[in-house]
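One structure is given below, encoded as structure tokens.
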Amino acid sequence: MNLLEFEAKEVFSRYGIPVPRGEVASTPSQAEEVAERLGVPVAVKAQVAAGGRGKAGGILFAETPQEARDVAGRLLGSEIHGLRVRKVLVEERLRIKRELYFGITVDRSSRCYVAIASSEGGVEIEEVAATAPERIVRFPIDPLYGLKSYHALRIAKALGYSGRQLRSLSSLFHRLYTLAVEQDAELTEINPLVETPEGEFIAADARLNIDDNALFRHPEFKERLFSEERGDLTPEELEARRRGLAYVKLDGEIGVIGNGAGLTMATLDMIRLQGGRAADFLDLGGGASSERMSSALSLLFSDPRVRVVLINILGGITRCDEVARGILEVKEKMGFRRPIVVRMIGTNEEEGRRILREAGVEVLESMEEAAERAVEIARRE
Amino acid sequence: MGIFVDRETRAIVQGITGTQGRFHTRLMLDYGTKIVAGVTPGRGGMEVHGVPVYDTIEEALGKHEAEASIIFVPAPFALDAALEALENGLKTIVIITEGIPIRDSMEIVARAKQRGATIIGPNTPGVITVGECKLGIMPAQVFKEGSVGVASRSGTLTYEIAAAISRGGFGVSTCVGIGGDPITGLNFVEVLERFRDDPSTEAVILIGEIGGDLEERAARYILEQGYLKPVAAFIAGRSAVAGKRMGHAGAIIQGRAGTAESKIQALREAGVEVAERPGEIAKIVGELLGRD
Amino acid sequence: MNLLEFEAKEVFSRYGIPVPRGEVASTPSQAEEVAERLGVPVAVKAQVAAGGRGKAGGILFAETPQEARDVAGRLLGSEIHGLRVRKVLVEERLRIKRELYFGITVDRSSRCYVAIASSEGGVEIEEVAATAPERIVRFPIDPLYGLKSYHALRIAKALGYSGRQLRSLSSLFHRLYTLAVEQDAELTEINPLVETPEGEFIAADARLNIDDNALFRHPEFKERLFSEERGDLTPEELEARRRGLAYVKLDGEIGVIGNGAGLTMATLDMIRLQGGRAADFLDLGGGASSERMSSALSLLFSDPRVRVVLINILGGITRCDEVARGILEVKEKMGFRRPIVVRMIGTNEEEGRRILREAGVEVLESMEEAAERAVEIARRE
Amino acid sequence: MGIFVDRETRAIVQGITGTQGRFHTRLMLDYGTKIVAGVTPGRGGMEVHGVPVYDTIEEALGKHEAEASIIFVPAPFALDAALEALENGLKTIVIITEGIPIRDSMEIVARAKQRGATIIGPNTPGVITVGECKLGIMPAQVFKEGSVGVASRSGTLTYEIAAAISRGGFGVSTCVGIGGDPITGLNFVEVLERFRDDPSTEAVILIGEIGGDLEERAARYILEQGYLKPVAAFIAGRSAVAGKRMGHAGAIIQGRAGTAESKIQALREAGVEVAERPGEIAKIVGELLGRD
């Protein structure tokens, strides 16, 4: 779960990581009040959980409280990368001597956390990695040992600092590591990490992505999982999440339901090979019940972009007859609002086919065939 | 023969009294797997399908010999279950559980390394050495015995491909699900090393997907080591978009890393034949094994 | 720092360890109110940080709220093992099927925490260790690994439990371990740990002794370090602690000041060998300054039991002249209210002797001699 | 010769820029100890009494060779300082710092064991091999060179006894303060083992006190191993009362355990001569060494 900047900064503050003075505002007049309280100039920042917010015009500056009101008015209610801006963060504008980068993320190959620091902040770290890899310090962290203060010193030293700054920067690094571990971060980063002319270090931006699977340890965030305010999920994705389905909205017109992530991805790929475009990725997961199936199908039926639904089931633990019954339920409740194409093999395949045949649904044998058929229908409808 | 498990493997089921544990214990027993004991705290003294249940692994090992375990316990308890298996000296641990926090998986894998044990998973269908031992939840009927080794990051897609192999008249030696999470006990390279040394395996199929760089590293390994057995692959997720998790916790393109294109290109450069669609696999296997 | 029972139980509750319903009372009428709220019968327990409180009459029972008032009146203001009772804890009286013991303490030889469990609760664990060692389960805990849930199960099983009780008891053990680590316990124990007729486990008593050296990690408790309410220190000990001196009150009449714990202990031993009795143990610590010396000496001068003060200094890092100046300061400020005997050797010994000689204080060479002299004076005074 | 440190030992001072670190660095240098570098984060580039200061041990070891360190940093930072020394391969680490949390000491000692390093302390005056190397804060002038090994749980009491040995015309090979805390890196048995193998040590004095059972275990060791060098002891705290901490964090009688009587009795049963008062030590040493 991606926290919004202001939420992440609240957590940062708790760990003693310096952040700019600032307050969140939901209306232009609130933004004006905050600017007055803080003193100008201020930065007004759209609170959406998307990268590249700056480039997309999500960060504006104001020299007067009135101007803060104006730019807040422009941001609030707009959309950035498809996400609605419901809040802005109004902050003191920092004076900048240098912009650094520091982050903790999961190193999949080494199977551990890795701390990444760079003297090139303010741009995406992948950018730096591609253009100036020598400016990046990577420090893999042994999960059974952790990042110690002297490791943090080593990283801060590699960025060229000494003396008092070496201590304060390394202490900031160490705090972010503690935060990452204690909050089960999948990714946390400070970009830019600003060095002020006075030599202080301040987290100008803050990103904190918490491992969804660890939310049982973090009741504070768990509540937000289904909240509209979350901001990194579309309304459809939120609804699917409430129904316990793995759903990702895409921009085509063929609805896809599969069981198993790999199989569902392969189905999307097949649609693309056939020249079609999928409207979504929807994985029923293992051992899917008829309720899950019917919940998934009715979700896609409520999406106006969807012209046809392709269902691809490989029965293993999942039983084809269960899935067929789920499809039938939807027919009985709301009717088939769109054409459906079903491909189904494996456990209790015959019974599943029989149920669907009686409901007037033909069941196909191969993924290729099913994808072809769906693409054809989508073109026609 | 095959890798990781064979007809001699004796296993404990951790979380045997839950719905999943109970169900799959029966299927594994039916397949001929030697399930010698089950463990569920507070359920010691029960039996599940004739398998005695104990409160702890220590107790189970007081009565039975075992070298493997399969874990079905809920995600919040999986770390402790895996550590218990490791501390008690089990050497092959299959973690079926989905949704384990990354930090817990990192700890499990690090501890396993200290103890020289193999973790299969988490979030895996498990491992099957066809005709000998199934330590997992895959449907047995899709696998026919043969000489193709399979390593995969997914479940049903693997069954799809296994079924295709069977339909083509070929069969599988061992099929290993390395798991769909970002952190797993095994990577493709480690499985390739095992298949290299397995006389019953003549060719290898890798089933990869977007996210991470396990496939790229496998390609590099194949190229640099001059891997002697033929390898083919299928990579799911060519139509995935960046930043969105495609079902598996590990299936996500982050920035520029982890795209299907990058993986397919790396594999092809290493001489690996990459199928465009699952249905082509049987044909490719035929070519690899030198029969059409 | 030894927490009082009710403080320890607050912490236990935070960790989900079941404790009896109860409230603390500072007056008899408060105790009556609490008893009314809880319902009778109740236990009324003196809140002093001393072991063997039950045997010393510190735990009484009441069948009616009025009786709770009466027994609270008897306890409040009384002294148990020299400690004043300022509060009582009024609790529901538990029904008891069996009394167990569980504790986590530091195993000095194995240099790790050790969990200790016994099916013989309600008596001191040392008692059980002496009479029925087979009833004690000891589980040493690797500091780099910790006590895992399956270790806790093993311990609970060794006490003979199974099924649901096995799970609830082991989970209680595991919670206490987590508490011990997170709170830097030097010792935490539940004695008795009551099994009710319904099969529940409840911490009837709670002991939590927090490592003083770790209080910088526990600001919550650190504040209490110098509080009168603490209850496990005499007023003199509290005052010494405020002055930064390691002081223990003893029951003799020869005041003792030494530098270094071992040397001071040896000085007490020497007094005893000479047939005298020390009034205290007071260690100036390493590198003692003149201020520390004068603070220590004036503390002893304010103790009416003290007939003579024996000062034993071995100058190493500590300089004898510094110490001598501290003694002189007291003379100038308040005069020597009691005879003093000084033994002093080591760094700047000559200068120290000179300063004291000029102040009319003779300095002795050997510990034996000094102790003999002090005992002689104490007899005479 | 002697144990733990000798004239070849090269040491780093951790926390060299603090008042204590600075002061004792000078005294150690004066004694002839090879202090090759100091470490204080944020003070890299300074010099203290001619010793170069670095921000980390890693850096210091880039410029100098060392196998030992002595730690003066405040208690809240001592754990990290010790781990840094261990991770960088130092083999003898003297922790002068007083007031380290027990939990931190447990971790330090456990990590040192993993790495095969020796921790002296915490809360110790350190170690001195007389005439060769002083890695500690003990006053040098009380020690004369000789053949008596001393191991002690206290500071000034040790100097008292060392002075008595000197006055008696004898001297010390190595004097080790194992530390006054409940958890220390060394126990008496481990020091006795080292003295056993040290040709320059002919007799050993143990200076114990109330709390714990290090003395009882030493007695058992001496008895069971048939320790060949003569041993004498002094135990402080015969007049201590139960439950009260006598200055040292480790000096506390808990319940029935840790009394001076128990220790004295155990040692006497093992044939160790236990002095009634520090002043007797010189005479006893004379007897042990066979000269009066």
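Each chain gets a letter, A, B, C and D, in the order it is written, and its residues are counted from 1.
Just so it is clear, contacts are C-beta pairs under 8 Å (C-beta built on N, C-alpha and C of every residue); 3 or more make two chains touch, one makes a residue touch a chain.
These numbers were taken from a predicted model, which means no experiment stands behind them.
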Hopping only between chains that touch, the fewest steps from chain A to chain D number 1
Pair sharing more residue contacts (C-beta pairs) when B-C is set against C-D: C-D
Calculate how many whole Å lie between the centre of chain B and the centre of chain C, each centre taken as the average of the chain's C-alpha atoms. 56
What whole-Å value do you get for the distance between chain A and chain C if each is reduced to the mean of its CA atoms? 53
If you average the CA atoms of chain A and of chain B, how many Å lie between those two points? 27
Where in chain C do residues touch two or more of the other chains? 144
Two or more partner chains touched - positions in chain B: none
Could you classify the connectivity of these chains, where an edge means two chains touch, as line, ring, star, complete or other? ring
Chain pairs in mutual contact under the definition given at the outset: A-B, A-D, B-C, C-D
Residues of chain A that touch chain D when the two form their complex: 148-150, 153-154, 157, 162-164, 166-167, 170
Inside the complex, what are the residues of chain B that reach chain A? 20, 75-76, 98-107, 109-111, 114, 125, 137-139, 142, 152-160, 163, 180, 182-184, 187, 207, 209-214, 217, 234, 236-241, 243-251, 255-257, 260, 276-279
Which part of chain B faces chain C closely enough to touch in the complex? 41-45, 55-59, 77, 80, 83-84, 87
Residue set of chain A touching chain B in the complex reads 51, 106, 108-109, 111-113, 124, 126, 130, 142-144, 181, 184, 186, 211-214, 216-217, 246, 248, 250, 258-266, 268-273, 278, 281, 283, 285-287, 314-318, 345-347, 366-368
